[in-house]
Amino acid sequence: MNANAVPPAIELIPGNTLITKTPEEGRALAVKIARLIVKSTQTNPAVREKLRAVYEQDAGMIIALTQTVAIEFATIAAANNYWK
Amino acid sequence: MNANAVPPAIELIPGNTLITKTPEEGRALAVKIARLIVKSTQTNPAVREKLRAVYEQDAGMIIALTQTVAIEFATIAAANNYWK
Amino acid sequence: MNANAVPPAIELIPGNTLITKTPEEGRALAVKIARLIVKSTQTNPAVREKLRAVYEQDAGMIIALTQTVAIEFATIAAANNYWK
Amino acid sequence: MNANAVPPAIELIPGNTLITKTPEEGRALAVKIARLIVKSTQTNPAVREKLRAVYEQDAGMIIALTQTVAIEFATIAAANNYWK
Amino acid sequence: MNANAVPPAIELIPGNTLITKTPEEGRALAVKIARLIVKSTQTNPAVREKLRAVYEQDAGMIIALTQTVAIEFATIAAANNYWK
Amino acid sequence: MNANAVPPAIELIPGNTLITKTPEEGRALAVKIARLIVKSTQTNPAVREKLRAVYEQDAGMIIALTQTVAIEFATIAAANNYWK
């Protein structure tokens, strides 16, 4: 058991489970855990606000974000056996 | 069960299932769910229209988008056991 | 069954199957389905021609394209049980 | 057994296991092992401090970092059978 | 069986199999098939020579190439059941 | 058996196996095989030295490198059944 991975101050997996009732909720979780990495990387809310203003106007950055969500969703979908 | 993943206002997985009848429909779903992440990230339709005008003229951004679709499709294809 | 994923005007998976006879044909399919995402994103043939002129002279974009093909091929190879 | 892979001076997998008690700890481990690659690539703490000041103000870099964490987490989640 | 995936003029999977004797040969195949996508995208040898001169002096592009090889290798390694 | 994949002059998988004793050694192998792709792409040691001086001062490039390592590690971890 890995005892070195002390959870940080910011909660990274809300609910502490990858299991969701539906694909829709799984997708929402994928978006959420991606955003929490942003939050734990840039902990200053004012700076995050500025960064958000940048990337939500930048097509390239939004596309990069869709890649992140796609990768997170792959993990969550597998965890839920694709809700089959 | 993850109760924290409250579905957002924008529907992220239309039909709320990854199961499709054919690869063609699975591919269309991959494109659709990628676009819905763009939509939920940039909720202003006028800004989205501007961003679309940018990326559809930008080879690098379109290629980045093909990466996103490829990753989403991998998940959907696995969910459907590759339609075998 | 996801009924929301109506196939678009442009065919995205030619032949509507991921199953191919050989790795070579699977690889060709990976390239093809990646290109069809470009086509369905930028539907104007004249603009696509211009974009192609850009990326085929740009090492960075070609490398990004090889990433896309690699991801698509992973899915197709798994679908075919690696042609074993 | 691969005897060539001599562990470097910097510990890369703290605790030397991918097994964690919870998804939260698995996520923290994903962040940690990604950061240790940065550390082992740029071993000078002063330079790392400067680089951190750059990327934590750069939306594109933070998004790229979320991709790394997503990939690492996929591995850790699979190793833990998704904590099911 | 997908009959639409007609193999192109350039051979994309030399030997038409993903099975190799060793990890070393599997790795070499990963590099090779990535390069063949470059070749089939930019069919002019003189232009390819120029592009190569660019990317082999560009750290960012070489790193992007290592991502491609890593993805291709994942597929080949799985196809060979990791040479176990 | 793929006989076309002749191993190049530079050894790509040191030890010619993906099996390692521990996650730590597996991680070190992931870093090593990524670097060997850089080496086989840019075979001139002096140029590699220059490139290294560039990317180890560039946060974006280091983050891209962490993506490569994450992908390689996913393969090595799977090959070792996650050292379970």
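So that you can tell them apart, the chains are marked A, B, C, D, E and F in the order they are listed, and the count of residues begins at 1 in each.
Simple rule for what comes next: a contact is a pair of C-beta atoms (placed from the backbone, for glycine too) under 8 Å apart; a residue touches a chain by one contact, two chains touch by 3 or more.
Predicted model only: the values in this text are computed from it and were never measured.
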{"item": "Shared chain contacts [chain A and chain F, defined touch]", "value": "D"}
{"item": "Centroid comparison with chain A (C-alpha atoms), farthest chain", "value": "E"}
{"item": "Reference chain F; chain at largest CA-centroid distance", "value": "B"}
{"item": "Separation of chain B from chain C, taking each centre as the mean of its C-alpha atoms, in whole Å", "value": "16"}
{"item": "Separation of chain A from chain C, taking each centre as the mean of its C-alpha atoms, in whole Å", "value": "27"}
{"item": "Chain C-chain D separation of Cα centroids, rounded to whole Å", "value": "31"}
{"item": "Residue list for chain D, restricted to those that touch at least two other chains", "value": "17-19, 58, 60, 64-65, 67, 71, 74, 78"}
{"item": "Arrangement of touching chains [line / ring / star / complete / other]", "value": "ring"}
{"item": "Ordered ring members, chain B first, chain C second", "value": "B, C, E, F, D, A"}
{"item": "For the chain F and chain D complex, residues of the former touching the latter", "value": "14-15, 17-29, 31-32, 56-60, 62-67, 69-71, 73-74, 77-78, 82-84"}
{"item": "Contact footprint of chain D on chain A as seen in their complex", "value": "1-8, 11-13, 16-19, 33-34, 37-38, 40-42, 47, 51-52, 54-55, 58, 60-61, 64-65, 67-68, 71-72, 74-75, 78-79"}
